[in-house]
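Take a look at the following structure, please.
As written, the chain order gives the labels A, B, C and D, with residue 1 at the start of each chain.
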Amino acid sequence: MPFPAPLTGVVPPVCTPLTPEREVDVPSLVRLVDHLVGAGVHGLFVLGSSSEAAHLTDRQRRLVVETVVAHVGGALPVLAGTIDMTTPRVLDHVAAVTAAGADAVVVTAPFYARTHPAETARHYRLVSERSPVPVLAYDIPASVHTKLGQELVLGLAAEGVLAGLKDSSGDQGAFRAVVAEARTRADITGFSVLTGSELLVDAALAMGADGAVPGLANVDPAGYVRLYGLCRAGDWARARAEQERLCALFGMVGVGVAGGRMGAGSSALGAFKAALHLRGVIDCPVTAEPQVPLAADEVERVGKYLAAAGLL
Amino acid sequence: MPFPAPLTGVVPPVCTPLTPEREVDVPSLVRLVDHLVGAGVHGLFVLGSSSEAAHLTDRQRRLVVETVVAHVGGALPVLAGTIDMTTPRVLDHVAAVTAAGADAVVVTAPFYARTHPAETARHYRLVSERSPVPVLAYDIPASVHTKLGQELVLGLAAEGVLAGLKDSSGDQGAFRAVVAEARTRADITGFSVLTGSELLVDAALAMGADGAVPGLANVDPAGYVRLYGLCRAGDWARARAEQERLCALFGMVGVGVAGGRMGAGSSALGAFKAALHLRGVIDCPVTAEPQVPLAADEVERVGKYLAAAGLL
Amino acid sequence: MPFPAPLTGVVPPVCTPLTPEREVDVPSLVRLVDHLVGAGVHGLFVLGSSSEAAHLTDRQRRLVVETVVAHVGGALPVLAGTIDMTTPRVLDHVAAVTAAGADAVVVTAPFYARTHPAETARHYRLVSERSPVPVLAYDIPASVHTKLGQELVLGLAAEGVLAGLKDSSGDQGAFRAVVAEARTRADITGFSVLTGSELLVDAALAMGADGAVPGLANVDPAGYVRLYGLCRAGDWARARAEQERLCALFGMVGVGVAGGRMGAGSSALGAFKAALHLRGVIDCPVTAEPQVPLAADEVERVGKYLAAAGLL
Amino acid sequence: MPFPAPLTGVVPPVCTPLTPEREVDVPSLVRLVDHLVGAGVHGLFVLGSSSEAAHLTDRQRRLVVETVVAHVGGALPVLAGTIDMTTPRVLDHVAAVTAAGADAVVVTAPFYARTHPAETARHYRLVSERSPVPVLAYDIPASVHTKLGQELVLGLAAEGVLAGLKDSSGDQGAFRAVVAEARTRADITGFSVLTGSELLVDAALAMGADGAVPGLANVDPAGYVRLYGLCRAGDWARARAEQERLCALFGMVGVGVAGGRMGAGSSALGAFKAALHLRGVIDCPVTAEPQVPLAADEVERVGKYLAAAGLL
């Protein structure tokens, strides 16, 4: 199957279930994929930030891609993150995930090293040249401390370097500009603009975006698929109601933050995994090290969010 | 040889010479080690930021450690960086560099993931538990966007988790506090406090620091060894003169920035490598991708810095 | 007229026309007010960031409020910014602008001093206690380097401290949360949630926001009034088209940035004033010191944006 | 008395004692000045950050300058801060403080507005042109979120725009570069380079700095005067011991932070004022709004710091 140009729809960043010993829990991962595919999602994004890719060893990353690719058997596109600091290291990941069958790679700006926009552009050109599959840019300044400028993204789109953008920047104004130009410029075709926001999917689609990559879609894939359908049908009132239900559900990401014992990442990923465990999808809610686990009362609060959203 | 407690002296972060094809240039690396050891440095730090560790593949990292360890043959301690995002990935590097013979590991705070101080502490405890060699903390907020708090460092020192600190934070006040407490607290012994600054070695040693890890010591190791000796002898006037000569030489790191074509990292590492090439130590001044290379006139300016410092 | 609870509609942050000697140009200011009121805006916000309030002396600030209040004569509400660092200084501005007739004050978090959320809350409570008119919070982290947390804003709304929020934070997810809670919580009534974005007015209103405070409404007030009406009528397709026309027009804010001679503020405010001058509303496009003026070719490009939007 | 070129020595940023009603406590201010002058300080800096200038109304600021200038009667130079956002507002403060008798003004980069380096340079040129007294630059990125580049400072020094630099940036490397160039460049004479650090005065003077502006000198002026003398005499060992005693005393700034009830500013200024109150210099330790006051146990801990330093 050729990679869709543009890729559209709901493409969850697939969580990585772990065993209590913090190995990849393959049976749980397969059940999670079934849970997502059964709900009608349009693609799968493995090894993203919500997948704890930054916490997985190279061996574990390979196992994740192989498992998911083998299980979906080409039924829908599988995108893989290649999260690492610089071009040579990212290229090693590109080689590994494409050998394992990924249909596209999702690549952040360089990080750790202090990076100039010219170096970021060079990074994408070098990765794209040597990648056997399409490259999507992953704009996530909270993690890499660089915002991909809209001119840079659109320029690389026009060059054919980038096939799409996953925007987790939180800058909806810049996102809208990319959507508008990607749709109107003659030198850009088939470019996919996807929001990484859980909270603004209706707004992003109303602006003309192609789809969404919400971490919360692990927990409620049917909700996001329904939301996508309502937006595509132009039923904005019901779309808003569905989106607001999902916004309320998303409140779960804060259950661990209030206590001051952990950061926002531990809390959010802990909550997603606790929810998947409570819903019976995965066997164990553990997150990778050095993240701090949720306490029992925090897990209980996750359960209340699920109940309030009609998911328990 | 047991690892010194505390480690003292000049411990250059060893640059990684590359071939034009951007493979590790082993003969040049060996010559660089000879250049450093011959000048009297007290230890070697491979796979640090100045080594472009963020740009080296795992295979290249292993080759660097094996080469340097084999060449120095235990004559002086070899520390190795394990720069990666989180505990599981860092532990893979710890295993690799200690298998290759490193005498200690130098470990940053987690990055990419949003990290809470409790998670940072947990990271160091887990790495230390599973490392066969001493662990030094590497405080480099410009790269990892987290500052290691002085209480956290001192607490982990007292627990025996950390054997030392390489401070590249630029916060001399906090550095001084760590030096002062590490020397006076009864529950902390043998803890090594090293500055990563090129410009403040005399000041750091005057405050009681144990040593320095200056990237510029690749270019002028004899200068830093001389500076260290003058400080240890209490000859502060001549130390200052030597330090100021080295400060002027350090100006080379800006040769590429003015043009607006590259970032500070490309410029600084490009300048160090150009200087090593001009001094006849390494065969090729190329830096790893996606860094932008210096132009001919910028290399020429590096030569002028060398000449002004009496090194050409 | 009592202050509307909630305030709704289009409330432009009124630019402050200056003479070539950089005094307030009262006749131009009056013409600008007529231009806005004539287009049907629902309120006026003087002494905001787009008004260059940070650049106006106390005497000039007073003159602006007196002029605008006198000219509109109660026909629509006049809100005034009180931009300053801390409580005592803000209270002096509150006294001045309410003496001059302002119907509400718009107050940022403290800045310059390092401020804790408890201090920010205390600031709003103290200002509100001593203000004779309603207080709206002005969330503008790009200027004050503090984001107003949604819990803080909603808590102060429930206490009756805040009458509304002007959100210039760029964080649409948090904005949506405030809108949703302000509408559903029983302890919050009449609270006005206004977006400060030029680019996302349709999206904000679709989420349930009460109105918008877009700087670009100085240049095209009729466009924003039309956009507001289309959104209120639920005609989202035509609203989007109008919004996209305004997004394209907003491109003018970048005319000065490309040259590297000035910052984003000089460029944006210079462009708004150049546009008002080209449209014949104000006599002189000069901005306050130390901002850098646009060059002739940059002004020409502003004209092209106006022409493309059908405004020349 | 002409303003010294360069200004040298210990120049405390004078705290502003307040009454319980938060008016300037003139008798306490006079006693504080006597406490400082009696200890042998070389100048006084009023309306700086440690003076809570950001929290004082214009009327209060004027009263402070008038009081201090009248009381010292020309016996030593009085510098005054003009902390405000932009050129026109700063010029109003320059007029006020020089009318009140200040011998020099200390001026930060613009803040609140997003400022380009060219605008910062323009700001200093405009202020200097219109100031009747010398202008020192105040580099305090923690407050204004802009670092004054060393080239900018040295360029303005060479132009005669700036008479000196108060460096509160924390970047000792850049500070050293300014010191070195200011001493060696033929086109710069009489330029005063002062550190704003409490913790690094010996180090700064060893590098060639002209003096120090430490907030803690309110609490222990004799200590800083002694430290300055030891450094000037080249007695580095005793200087270090004195500096380390002051470093330990400086620990008081953290007494309020641990509780999570206040920010670092409230804690530090609260501690300085509590110490002055405990030492009998000022009548009331209150800080300006919206700062949070220290609790009784926190004040007690301030007392322990004083006792440990031999000051109670």
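Annotations for the structure displayed:
In this section, a contact is a pair of C-beta atoms (placed from the backbone, for glycine too) under 8 Å apart; a residue touches a chain by one contact, two chains touch by 3 or more.
Please read these numbers as outputs of a predicted model, since none were measured by experiment.
Of all chains, the one whose mean C-alpha position sits at the greatest distance from that of chain A is D. A separation of 35 Å divides the Cα centre of chain C from that of chain D.
Mean C-alpha position of chain B lies 49 Å from that of chain C.
The multi-chain contact residues of chain A, meaning those touching 2 or more other chains, do not exist; every residue touches at most one other chain.
Chain-to-chain contact here is organised cyclically: the chains close a single ring, every chain touching exactly two others.
Chains touching one another, given as pairs, are A-B, A-C, B-D, C-D. Contact residues on chain C toward chain D in their complex (touch as defined above): 22, 49, 54-58, 60, 83, 85-89, 92, 110-116, 118-120, 122-123, 126, 142-145, 261-266, 288-292.
Of all residues in chain B, those touching chain D in their complex are 170-173, 176-177, 180, 197-200, 202-203, 206-207, 236, 240, 244, 247-248.
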